[in-house]
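The structure that follows is given in the form of C-alpha cells.
Each chain gets a letter, A, B, C and D, in the order it is written, and its residues are counted from 1.
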Amino acid sequence: MQFILTFSCPDKAGIVAGVTTVLAQQGADITETHQFSDRSTGQLFMRLAFSTPENTSMADIKTCLAPVAEQFGMNMRLHDAAVLPRMIIMVSRFDHALLNLLYQVRVGWLRAEIVAIVSNHQDSEATARQAGIPYYYWPVNAQNKTEQEDKLRALVHTTQTDLIVLARYMQVLSDSLSAEFSGRIINIHHSFLPSFKGARPYHQAYARGVKLIGATAHYVTADLDEGPIIEQETARVSHNLSPDDYIATGRGIESQVLARAVKLHTEHRVMLNGHRTIIFS
Amino acid sequence: MQFILTFSCPDKAGIVAGVTTVLAQQGADITETHQFSDRSTGQLFMRLAFSTPENTSMADIKTCLAPVAEQFGMNMRLHDAAVLPRMIIMVSRFDHALLNLLYQVRVGWLRAEIVAIVSNHQDSEATARQAGIPYYYWPVNAQNKTEQEDKLRALVHTTQTDLIVLARYMQVLSDSLSAEFSGRIINIHHSFLPSFKGARPYHQAYARGVKLIGATAHYVTADLDEGPIIEQETARVSHNLSPDDYIATGRGIESQVLARAVKLHTEHRVMLNGHRTIIFS
Amino acid sequence: MQFILTFSCPDKAGIVAGVTTVLAQQGADITETHQFSDRSTGQLFMRLAFSTPENTSMADIKTCLAPVAEQFGMNMRLHDAAVLPRMIIMVSRFDHALLNLLYQVRVGWLRAEIVAIVSNHQDSEATARQAGIPYYYWPVNAQNKTEQEDKLRALVHTTQTDLIVLARYMQVLSDSLSAEFSGRIINIHHSFLPSFKGARPYHQAYARGVKLIGATAHYVTADLDEGPIIEQETARVSHNLSPDDYIATGRGIESQVLARAVKLHTEHRVMLNGHRTIIFS
Amino acid sequence: MQFILTFSCPDKAGIVAGVTTVLAQQGADITETHQFSDRSTGQLFMRLAFSTPENTSMADIKTCLAPVAEQFGMNMRLHDAAVLPRMIIMVSRFDHALLNLLYQVRVGWLRAEIVAIVSNHQDSEATARQAGIPYYYWPVNAQNKTEQEDKLRALVHTTQTDLIVLARYMQVLSDSLSAEFSGRIINIHHSFLPSFKGARPYHQAYARGVKLIGATAHYVTADLDEGPIIEQETARVSHNLSPDDYIATGRGIESQVLARAVKLHTEHRVMLNGHRTIIFS
C-alpha cells in the first residue's frame, strides 16, 4: 500500500521524529520527504510518501497518527496513492489545454480519472465522445447561470469529483461556487499574473509592449485572477508578432502550465500557505 | 567607413529600392538589413548597416539620401559606427548592474565610452576610481533635487553624453528631465513589468506568490515604470526562498537585462513604435 | 499576390539595390527583409517577402529577376506564398509529435497540407482517419526496406510532396533516399545533439547525469543524427526523475521543436550555409 | 547551533524515524529535510538541517548518531553550519567566473572563505590584491607541472582548504591530484557536456551549428570533462553570431553556473550517486 501524508502545524522540535516513529511502528518505508519551515510565520509544512505492508488500512494509519496530530496541533490529510483523483474539465471553445490533459492522462503522465467534460459550447463534443467521456453542454447566460451552476454542483456530487479544472473556460464562476469548492478549482489564465488580469490578456500584453508573455495556473477564489498561484511560465515574443501570434504562442505555454499544475495538485504536492502555495516537487 | 542608417515612414512600394539604390551609387556594401512593416499602422521601420569606400563622409551620404527621405517622408537617422556612444551611468547603493556594464565595456562586448558615474551615495567611488572614470557624488533630497538635476543636465552637455543609464539609481527623475532626454534614458526596474511597479518589487512579488520573478529595461518617461520596454527576462523562484533570496536571484537578471538593453540601444537596434519598441537584432 | 524570394551569392556592393529595384519596377511592396552576410565565407544570404499587383505572375517576376541573378551569380528561389507546402508525416508508435503537427495545421499556425501519414505501425491509423488524411501502413524489416522506400518515393511523386517530416519515425532511412530528398526531410531527434546520438538517448542522458535534456530538429543526411540543425530546445531534469520521466518531459519539447522547425521550413525561413542553417525569423 | 547532516545507506523502513528520534532527544529542531530513494539501486540519500540548544557540541551529536549509523550502515557526514567552507580559486586569463565568485562572497549569497587565488598568469593579481586575498602566480609548463602541483597540495593543507574551484583554469590537473581531491574540485567547462569536450568548445559548437550553447559545472576526475555534473545551463545563439560572440554570451552562463554549483556544494546540497549527482535544493 502506498500513502501520501501532508500536514502543517506550528514548528517545534520533535515533529518529524514524532510522525516518522509512528509510521515506523506500522512498518512503513518512507520513500519521499518534503519539508518547509516558514520562518516568517513559524509554520511547518510537510509531505511524506510511504509504503506499508499489504494489510495496512488507511483507517489503521489514521488511528495511529491521531495522537501525534493532536499533540502538535496538525492540520493533517492522508491519501491512498492508488486511488485516482476524479476530475471534471470545463472548457469553452479553445481546446488546446483540454487536449493536452486528455493526452497526458492517456499516456499515464497524469494519473487521474476524467469523469466529465462540461462546456458552454458544443465544439469539444466529438473529442469527448472519442475519449469515452460524458459531455455536458450547458450554455450560460445571465438568466440561467445559477441554474447551470446548480447542475455542476450536482454533477460534482454524483461523480464524487475531487477537482474541477477550468481549461480555458471563459465564464466567471459565481462567488458562492468558488467559495464552496475552495482549493479544488484550478484555472489557467493566459497571462503572467498579476499582469493583465481579466479579458483579452494577449491584446493587453501587445499594447503594453512586453517582451515575454506568460500563463498562470491558480486556484479559483472569489477575486477574479487573484487566487493562489500554482505554476507559471513565460515565452519570448518579438515586435513582428501580432496579438494573434501571441495567442498561438500562448497555446503551448497554457497547455503545459495547466497540465503541470494539475499533476502537482493530484499528487498532493501543493499546500496552501496563506495566499501563497508551497510546491513539493 | 561603417555606417548605420535607421528610418521610418509610411509603407509603400519602392522604399527599399529607393534607399539601397542611393547607397549603391555611393559604392556602399550593405552588411545588415532589418525591416518591420507594422500592418496595424501602415508604418515601415528599417535599419541598414553598410560600409563605404574610405573617403566617403557622413555628410556625403546624408546629402545623397535627402531626396529619397523627402520623397517618402522618412524620419531618418545616420550614425558613424566608429564613433563610440557616450554614456553616464547613475547608481545608488547596489552596484551589480554597474559592475556588469563596466565589465562588458572592458571586454569589448559593449562598445561605448562611460564618461561619468553619478551617484547619490559614495559606495561606488572606489570602483569608479579603479576604472578611471569621473565620479560625481550628488546626494539628493527634497530641497536640492532641482539643483542636482541641473548639475546632471550640465554634465550631459559638457560630456556630450548620448545616453543616461540608471543602473539601480533609486531616485525618481523629474518629469522635465525625463521629457528633455526622452528616448535617451534607460532604467532597469527589478520586476517583470507591468507587474510590481514602484517600490520594493521583490517584496511585492513574494507577497503575491508568483513562481517567476523578472527584470525590465525600459526608456524613462514621466510615467513611473511605464516607459517603452526594451528587454525583459524572468527566473524561477520557489516557496523556500525569502524576499532577500529574490533580491539575490534578481541581481543576475537585472545585470544581464540592462546590459543587453544598453547594447541594443548603442548599436541603434531599438526603434520606437508608439509606446512599443522594435528590436532589430 | 504574395511571394517569397530567397537567394545567396558572393557578397558585393549593389546586390540589395539590384534586386529591390527590379521588384520596385514590378510594383512590388516589400513586407519583410532578412539578410545575413557571412564574413567567414564572403557569402550573402537573403530572404524577401513582397506583394505585387494582382495580375503579376510568378513567371513574370522570374523573368525580370533573371538578369540580376545572372549578374551576381545568385542561387535563387521564388515561392508563391499562397501555395500550401505539401508534406508527408512519418511516425512509428509515439504520436505526440504527430498530434501536435495535426493540431497546428488545424488551427492555422502551420500553413501546410498534410497529404499522407506513413507508418511502420498501425497505432495512428484512427488518428489519420479522424483527420481525413490517407494512412499508409508499411511495416519495415531487413528484407522489405528497399521495397517500402520505393513505395515512399512513388508516394512523394504522386502527391507532389515538398517535405517529409519524421515525427518520431524510428527507422533509419537509406543513404540513397536521404540523398535524393536532401534538404526536404526533417527529423526530430530526442536529445540535444550532438550529445546522445543513436538509440535510447533519454537513457543515455540519464546515465551521464546531465541536468538538462533536449530535442533537436534537423535535416536528414546520410550521416545519422549529423544533419544541419534547424531548431533545438532544452528542459531541466532533476535527480528524482527516471528515464521514463525524461521521456514524458521530452514529449513536450520534441513536439514544440519539430513544429517550429516545420513552420520555419514551410515559410522558407531556413537557408543552408554549408553544414549550418540560417534562420530568418 | 546549526548543523547539516547528510547520509546514504541501503533503503529500508525505520531510517528516518531512527535518525530524527535521536535528534529529537538532543532537542534538535529540524528546519530542512531532503530525501531521495533511488529505486534502481535501493539506496537512500538524505540531508537534514537542524538547530540545537546552544550548548550542544558536534561531538555530542556524532556520539548520539553513531548507533543508528552503525545499525543502518550509513555513510554519514555532519557539518557545523556556522563554519565557513574554505576554498582556493584557480584561474588563467579569463576572469569573469572569478569576479562573480568574489562578488557573490562579498554580498553574502555565497557563504565561504576564499583563502587564495592561484593562477598560471598574472592577469588577476590586481583583482586579488583589491579583494585582500593572497595571489599565487605559478606558471605551468611540461617541466614544472609536478612541482607546481606539489605547491598547490601544500597550500591546500596549510590553508585547510575544503574546495578547489577551477574558474576557467586552462591547465589539466594530473590524475593523481584529481584522485587525491576527488569530490573536492569543481570545474566550469564552457560547453553543454557531454557535447564539445576538450579545447575550444565554442568553436566546436559554432562548427556544428547548434542553436543553443551551454556551460557545465562538474567535479573533476581523471577523465577529462567526464566528472559528475553538478549544474548546467544553456543560452540561445543565432546564425549571425561568430565564435567570439558565443564566447561573450558564454561568459554570463559560465559565471552563473559555476557560482550556483559552488553554492550547492558549500551548503552540502550535492551528494554523489555513482557517476551522477543528487541536488538537494
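The rule is short, and it goes like this: a residue touches a chain if its C-beta (ideal position, glycine included) is under 8 Å from a C-beta of that chain, and two chains touch if they have at least 3 such contacts.
Keep in mind the model is a prediction, meaning the values are calculated, not measured.
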Selected pair, greater C-beta contact count between A-D and C-D: C-D
Cα-centroid distance, subunit A relative to subunit D, in whole angstrom: 37
Centre distance in Å when subunit C and subunit D are each reduced to the mean of their C-alpha atoms: 41
Per-residue multi-chain contacts in subunit B, two or more chains: none
Contact graph of the chains (line, ring, star, complete, other): complete
Residue ranges of subunit A touching subunit D (in the complex, touch as defined): 11-18, 20-21, 23-24, 27-35, 37, 46
Residue ranges of subunit D in contact with subunit B within the complex: 96, 99, 103, 107, 109, 130, 248, 251-252, 256
Residues of subunit D defined as touching subunit C within the complex: 36, 39-40, 192-196, 207-212, 214, 228-234, 238-240, 242, 273, 275-279
